[in-house]
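The letters A, B, C and D name the chains in turn, as written, and every chain counts its residues from 1.
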């Protein structure tokens, strides 16, 4: 089974009504398929503290099912290896001691082959669980485990990109995606939205993370939103206008980062003869002017918006605007593995897929938010500080993992994800 | 003129209608008085990167008037010393290069005496400006300069405390304040507030910083607020219940800070025979159980609230609640220079003065916020990232510097200010 | 061809008169054999900045022949891959830019398989060179290349140990070596040596590094040297006597390191039920009391000697003493891969093999030393600062790589090599 | 009593036969005089971790007499303030806990005035001690205390220079020294010396530190020594020839330092219109081409020597050469406070005074060296690692503090002392 087939599987129209069991094993299979183009060597190394090795993602997502589901709900389950809990727990303080995150890349043992065997072992146990019947509480944990693994699928790809970009040979994860012609760049148009009191947050239908609720009323003032994301061409204009050398465009913390990190463009950008190149999952390639800029931090997104005389939308503005359009876009299933240009059209474009969009909203709990009890309660709540919300999903987000209420979050200096922006204005 | 007299001057009832000129020179005189108990040696040293030397505060607030007011509005004004701009510019990128902040403590020259002369020189020029007549735009800048200097008065005191606390001899800034008997600790009572749409932010009457506007509507859900601040006795219960050793109480970034900094209590707390001691402006003293806890970070405030089964209020909840009470409290003018216990009473206590209260609101721009053009536009806007809002003022905030709409802000790990907390709950 | 066979090959009596060609290809084959027990994953990771991945060692030693020999002496030689020079140059400033040392562990590409192919390609070219006839200058470079590769064979093993020790599963490089019974510990006996003027340094017979010359006269005062190395049992006595908690035993820089690194014993030591364990190439095993202590820094060796009322020998004392015995000992060819106990006997023991012995001599140029011109001149001379000389060779030093005049050198805090000590005294 | 008088006092011919009492009190008075041009503010600040505040030097040298002499030998002595031991112990682990070195600059209390009172108090006690009669062991400690204070006099001046150089106003410690005309630069001439066995180290006459002994035989090979030190003009030629941009001239650790610290010339050098300027005790002044270069590290001295086709002398070569000339030169007593040019002449010049001369000798114990028992044994021995020996004394070394056998030592990257070099060659 190769990646291409699985990616197609991912694109297959599949409603929420697809059985939980099917969705579970398709998700499990997709992780394996995403690792298929990688050598064992590629799967073990960690390029930076924020990233994890492919092998670690494959094992950690498996441990998640073992630790939170199988040990509790599958009678007689014996763990694959007692020592894996120490190796593959990510950050669950309630569960116990764990291997330090910046040292995940030292784990040459257990091997990739052993991790594969671990996955097979746990998948078989999950299969038995379904045969024996799944309690409602276990169903919820399986749903959480699927969504957890989908998140790691995205990280697996962005972490591999960070590794390949750190190498002098600049290898491609995949030589080329499905043919995507660099589109004409649509001119920047604005869509207007009324203010008022809106219901925001998850309404309880289908799966959502705890951080998407409780659903509650929010007051929104009238605003305008750009029809598409900011493009590479626009970003290059910002560079060429001295954007990275003008302190008054930047937040103070952002400017300190620009200076200390010597930022002169988005991550992976390099100035070359005849224009800019950027490392991508398809290797080191010329920047597509019409495609959304990606691998920019919040600091950069904010500075660009100021330069453009605009601002970033709030997360509720984004959510209110997204109410008007279907949840569809170029996610992992589309197979591009890079953001591509918006086409012409009358309505909002690129809201789902292509790039995660920085909002101007700090990542904080919604009114009435309570973390779940126990270890899974550490999933989201404890990160609600110092980060900003991103909305919409990216070109490597698994297709069924995007939602109007989804709240992604990163620190304002981080940019190894497929992060971009869409401009907003007061009406 | 000694500190006591000036502090009394500060406490003198004085309405907004007191002349701008009088308020300016009283503010200028208060800074000088606050430095009076300090030796030249005390005034030159910087205990940490976040703090500045007393001398630097005295000079920088003076430079502020010179750079933004006198050079522009006083015909024929010649600067006191061309080199001072490099020495005493704080962070105004628009103005030019400046001495690096962490090295302010190396400036043994210009001397304290020269800085005093600089103040006299600039005060005389300000006097001439008033004689020649003050344009409305200049009036605004004088108002800003007064408020700016008041902020630095508070910093001067907290920075001196950080210096004295770093010394083995633990000197007192002032041997003792006016007699304050450790009060009985009021039991924790809750006040209820309705939800609804409220106007928040400054309404344009009197001075306010740009970050307090624009005034706008905010939606608040029903909530309850503690009648008084969290006390030292309550905080000691948190310590003794293992608060600093229980990761699940903490935000992830907070817990990392607890571990890397080895926090075991508020800043300046030390465990001693028979209880806790804490360094203060009156020296190293036993902790007063009934007084508000102070020198705690956002991380600690948030963890305490979680431990207590509560949460921090949002800044708008705080502002809505503050609408019900007069703007009065134990600020610098009260002369305690430390927070003291709440008395009995039916209404909200300690809202203004005693300790700055951490809110759960990230420091972000209000809808429609625009920084002022030019260098003074760097005053607030560029810090709107990674910080949290505090409300209410402290025991060392100059009296006329507190407002219902005032937004103070610090990073969530910082705790050398007089920072405390008040609990909130959903109704 | 397995490791065991090659190690036997290494132990095969073989005089200097063995042909250069044979020695070259045996050395090349040994490197490959040493990597054989390792997975591709094991070969790509770097556990710390001082260490390099196995794959990098295999490629770098190959590049050394390509860059310094084949490009110059083999007519028509085309390099295997132009990009490898950037990847696999170690520190030759004269040669050009190179991949940063701390990031060698990120090179998942070229793969282990490609590096193997690189070795085959270069070996074939070396074979052609021999067929076409080797110029005397090329012979010297081949000799240097053999010795260079032997050094990297030792590093390959100590670097793998550092990697395996950093892993929670603590894998063994080799399950067990040839049977070595923990010997009885020989009591500490002293051998006396006269003072006088001695010739030291390499005399020009056979290969030596440039740093071993020029041969010159040195004045030595009468001294005594311990018949064997310091043992684990003696070191445990030092630990239990508070050696790591007594500042007056330590050099100031050593004590700072003890405190900042929290050293409580040799590297890889762990206190366990019933005694000490230590990670080794044979896995995590109980410490052998009679074996030489290993993985100690200069700081520790110096402190131990002070505690014992002795001192470390100078490098010339060591060299003068070594003149009395044959150059033989338990090096890599012996197959133990760990230091083993001295037997009884009347003469100096463990001088060659087992552990490198710290001397009290700073690593400095000999009188009249001149580095060779060109890139190979960077081999030794530029490191003559801040390091100390070690003598004798270790349990993983290739057999023909030990000499009486050999000067190994490491920084005083380093201890991932098989480093130990032998005590000395004034006569 | 002003500095000028005391400096004259220091220059007054005074043989070893001057009474111990007189020498003690003259030394004590000189310290006070050296601080006289400094404000209290200047005396409290520390510009970098390696340096100490003036006040700290004044107090620490006083504590040295109190802790090691008065408490033991003056019956009934009561310490001035129990708390000063914690404040002013430098590094004597045997004595107990102490204030951390990098935080000496935070001690605004005790004040300069209190430290002055401390000096007066201890001086009076020392006076009483002399009246009551000084035991031979106490005499030795007084001699050590004098020499200790002389070392701190030099440090006081170099530390003040580091502070003044860090300030934007670049103040002068002294507006101008005695008139010194920039001399003609003497051409570089070489003096030849025979090899042989020489006695080196202190011979027991008069005071010496323990690190200068035991006197012992050393073998020296024939060598040549430059008649004078390397000049600024020669150093500028090195700069202009790309010395700081040519890695092959440097030790590896040196080159790393050049890159990480962005060194482009000696410390305090600045390129200006029309040539180089350098901060000095007389302020920011044009570099004198004929004067010895100063404020260069060992790394730079070594690289310069390599560039010049020469090398640094060993410490024993220097000592053997110094046997031929009287111990006299331009030290602190000469009053220049900066190195000045060599005059014409047939014999070695600038050996004593002007600049400390880096040798190529690592700072290690002499054969048979034993540190003194107790705390004073920590004076020298524990620093015998990672440093290099300098010989000869500088323009701010107290006059009677230079000796042929004196071994000064600093780390190879340090350069805030008056450090320069003299070239050597093999004969």
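The rule we apply is simple: a residue touches a chain if its C-beta (ideal position, glycine included) is under 8 Å from a C-beta of that chain, and two chains touch if they have at least 3 such contacts.
All figures in this text were calculated on a predicted structure; none of them were measured in a lab.
Chemist: Based on mean C-alpha positions, I'd like to know which chain lies farthest from chain B.
Modeler: C
Chemist: Report the inter-centroid distance (CA atoms only) between chain B and chain D in whole Å.
Modeler: 46
Chemist: Just the number, please: Cα centre separation of chain A and chain D in whole Å.
Modeler: The separation of the two C-alpha centroids amounts to 60 Å.
Chemist: Touch graph across the chains, line, ring, star, complete or other?
Modeler: Here the contact pattern is a ring, one closed loop where every chain has two partners.
Chemist: What chain-chain pairs meet the touch criterion?
Modeler: A-B, A-C, B-D, C-D
Chemist: Could you list, by residue number, the parts of chain B that touch chain D in their complex?
Modeler: Residue positions touching the partner: 39-45, 47, 83, 86-87, 99, 103, 105-112, 163, 166-169, 171.
Chemist: For the complex, give me every residue of chain D touching chain C.
Modeler: Its residues touching chain C are 91, 93-94, 197, 216-219, 221, 247-248, 250-255, 298-299, 302, 360-362, 364-365, 367-368, 377-378, 382-386, 412, 426.
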